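Both complexes below contain chain A, partnered by chain B and then by chain C.
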Partner chain A sequence: MSIYDRAITVFSPDGHLFQVEYAQEAVKKGSTAVGIRGKDIVVLGVEKKSVAKLQEERTVRKICALDEHVCMAFAGLTADARIVINRARVECQSHRLTVEDPVTVEYITRHIATLKQRYTQSNGRRPFGISALIVGFDYDGTPRLYQTDPSGTYHAWKANAIGRSAKTVREFLEKNYTDEAIATDNEAIKLAIKALLEVVQSGGKNIDLAVIRRNQPLKLLESKEIETLVAEIEKEKEDEVEKKKQKKST
Partner chain B sequence: MALFDVSGYKSHSELRGQIIGTGVGHFIDRPNQQFSVPVGVDPSGFLKSCSREGGVSIDLNHGTTTLAFTFRHGVIVAVDSRASAGSYIASKEANKVIEINPYLLGTMSGSAADCQYWERLLAKECRLYKLRNKQRISVSAASKLLCNMMLGYRGMGLSMGSMIVGWDNKGPGLYYVDDNATRLSGRMFSTGCGSSYAYGVIDSGYREDMTVEEAYELGRRGITHATHRDAYSGGVVNLYHMQEDGWIKVCKEDVSELIHRYRKGMF
Partner chain C sequence: MATFFGEVLSVYSRAVEEDDDDLDDENEDERIHREIEEKREVHIVWCPEVAQSLEDSGSNTLQCSDLIIAVGTNAAGFLSAYVLNTESWDAVGHVSLWNERSRGSSRQSIAPLPGEPACLFYRHRDNPAVLVCQSTCYIAEDQLFQWTEKVLGCLQKRGLSVMVLSDSPVAEYKTPDYLYGSAVPFLRSLKSSASKGQALCPALEQPNILTGLPAAVLSHCQVHQIPAVLYQCYTDVISPDSITMETYKPALLCLSKLVKLEPCLSADVLRKFAIITEAQSNLYT
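Let's turn to the complex of A and B:
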């Protein structure tokens, strides 16, 4: 396109780093991931890409544990994500070794973000084409959700979505993330599923869900559990519609 | 750089490591080294040859007594203040406790230069940790940092025996770190050439449920008796008390007066 997207280290006249912005475009092509921070639980949900007939389903995992108390989901280039996850896992253990304490979610997010930034400022390299949602509990029990993007910035969120149709999901979350909506663990999980159902075709079969509860390791929900929850959500929706109909008729 | 990985280029340090081998365990290219050491130099051998009698002798400032113990109300730290160079008393009011931050103390015994330099470096790392992570560093992490610094120069003649004392969100912490990169967590330590005398006193007088005043007295007595018998310890007792909301300096008393209090029948 323009002459300013050749080498990564060159700014364009209006102050853009085009390679970084193209990396963000690559992220927008990835499958959706949503993260929700509850009171005693953090939830990560991803849209499962449909696998080919002969492909083993279990080898395609978009939610990965970085340590016992931290996990992340990503959107974008899977191969790039593998490298980032590997480095983050090593850093989590290295931190445990030198500081004798597990990492805080903010620390590991900062490490990943610094790694990503380094690749936007060296020659001969391109940025990582992934955005990550990093969730977990600090050792003082506070739940955390952070999002990083290819430019190397990171922010804390109460709930966020990345990948394809992230905007739609985020708007849904902005409307529906209330204190009552995350009052219990189950409600928080259902909120994540509801958010994904907005953009995922064919319902519960294409959703992967992981939760971390305080002082408990990462738990990936089985498809049966997800189906049950989806059925509950459907029923609640029908009940809502029924109630509205009755109100109208009286 | 990315090209280096792809082309199989080996940096100078990797090549040198392959040619020369690991040798005496010189971790020459570890990232946090402060001083790069030339290959083939053996500092500890050189130092040994210098303390020969009748030749040029380099006597490092050694000799001290420091002690620390935890009890119900925190941690007591007591140190003497004599700095000696061989049989010459270089200072009678040396400061052997470094105040890293209001919640962390480090004691020094062994070579005064080594202790002062490395513990000040530790203080710098602790300050950087606080700026980066917006949280004070834990006692175990601080002692680990010092221990890793020592590990980088192991076998090269450093001489440092230190206790890192602090109070973090895990409670009171006491770690012993020395120049061999030994790092021990414990409830009572004493270092220096007067430590055996100090251990005798504090071991026999220690009770976990001491009152604060009793603990102060025990710390003072430990140092005083050690300075009485050990030629290389003396001066004043510097006494600190590490509490939940930080350390306080309790007293600074001359041992020649204290010994009269404790050994009434002797003089």
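Let's turn to the complex of A and C:
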């Protein structure tokens, strides 16, 4: 490998920061997470990690609340995520106390992204190996979805995916994210599940879902609810196939 | 010698003199070299029947039609799971060697314990001309030539055909294209010019090269015109892993022509050979 990829603080002659690019490879080792911004709802769906037999399942979570109205899902190094989440949570409360207002989603995303960028310009420290999808509602009621990556960049998205098969899921979303598809809350949730089902093996029991509705706190869906929605999606697919068959025969 | 300022200095000669005093030092150097050579020598220890067959044949060689060498834990795991899992294979020998990374037991006659990095030979009971070698220990560069000469020297060249399966980290695969996650692990092949058949996967592209034991074996086969084919599996996992082992499955097509293989494999058998690294699974979420 080239000699410019060891130190974080060294550019290569063609302008690459290899350590940051390698950190993005670490993100791809985490399981998939998808975020959808609806009209009155924001949805985060993740592929559940396989848990060891003796491990407490509920302590292995990819979706974490940062405040009552903001939550995030991450992909990548678990320990790095814990540090970033802790700092973000402290910042959310500090902001409430200082300014007497809850953070906007953009503010807290900018805070996380600035933290990540600092670690790409510091000697002796490596970048954070996580990408995050941050969702929530601002106090004016606007739904937001932001994505950050190890380099410290952040952008707003209508729908996005990070982690192992992010490319496949993103392509699915590009084809299927339409105004009709997110017309109702239920439809937005089903879109998130459909996107994950493209890459998750063995269906609904490996999916975790979280939603925030306007002026309501974060809600983690129970596995029964997810199974019901998956069953609905399967039925819709079958109906589609039936319709197509009938069209062909007439 | 005249110096810059005009004085004359007497200078001691730096010419080496052939003194008797130096002989002892040279002897000591030679002795140390000899000791190191003996320590690093590669020994093959065969089981009594094979040792007997070697003696009985006039040329100290075994009759062998197919030699399958697995280099690396995933290649060895693949052979253990898919080929050596039937009861019809006998362990017939091992290679004992010492280097800084492979401190084998100092006494050659002790066979390595199961699970230890080692170099083991197996022979099929019904078809004794088929030999399998699993090499999971590190063989230093200065020992590769000896290993190859001694092992392949024990086998008759006529009618011999060699297959090598080898693991390699995908970080060492040089390509101008970006490798998407789904492409890894994958196989690439290399053949000696005597090998006629079609390889089961694309050939290894330039500027990638082979190193280590697979390279030594393939070079030997090329020089001695033995048909040999090598399958190199590039993987991004550092420990034995069932998906990487399954990548070698195309090789089963050739192997099934030689020996009877177990048709289907239960997941439990595969899991036995793959280490599910708990640390790895908690590192990334």
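Everything below uses one rule, namely that the second predicted complex is superposed on the first by the 250 of 250 C-alpha atoms of A that agree within 3 Å, B and C clash if a C-alpha of one lies under 4 Å from a C-alpha of the other, contacts with A are read in each partner's own complex, and residues count from 1 in each chain.
Heads up, the rule we're going with is that a contact is a pair of C-beta atoms (placed from the backbone, for glycine too) under 8 Å apart; a residue touches a chain by one contact, two chains touch by 3 or more.
Predicted model only: the values in this text are computed from it and were never measured.
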Notebook entry, point to check: chain A superposed: clash or fit between chain B and chain C?
Noted result: fit
Next item on the list: For A:G35, select first, second, both or neither according to whether it touches chain B, chain C, the two together, or no partner.
Entry: neither
Next item on the list: With both structures superposed, pick whichever of chain B and chain C touches the larger number of chain A residues.
Entry: C
Checklist line | First (chain B), second (chain C), both or neither touched by A:Y107 | finding: first
Next item on the list: Using the superposed model, measure off the angle between the directions from the CA centre of chain A to chain B and to chain C, in steps of 10°.
Entry: 130
Check: Now for A:F74: first (chain B), second (chain C), both, or neither, which partner does it touch?
Finding: second
Next item on the list: Return first, second, both or neither, reflecting whether A:G124 touches chain B, chain C, both chains, or no partner chain.
Entry: first
Next item on the list: Note down the smallest distance between any C-alpha of chain B and any C-alpha of chain C in the overlay, whole angstrom.
Entry: 21
Notebook entry, point to check: Which residues of chain C touch chain A in the complex?
Noted result: 171, 180-182, 278, 281-285
Check: Which residues of chain B touch chain A in the complex?
Finding: 1-3, 133, 137-138, 140-141, 144-145, 148, 169
Check: Quick one: in the complex, what on chain A touches chain C?
Finding: 1, 26, 28-31, 49-50, 52, 60, 62, 74-79, 81, 164-165, 167
Checklist line | Residues of chain A that touch chain B when the two form their complex | finding: 98-101, 104, 107, 122-125, 140
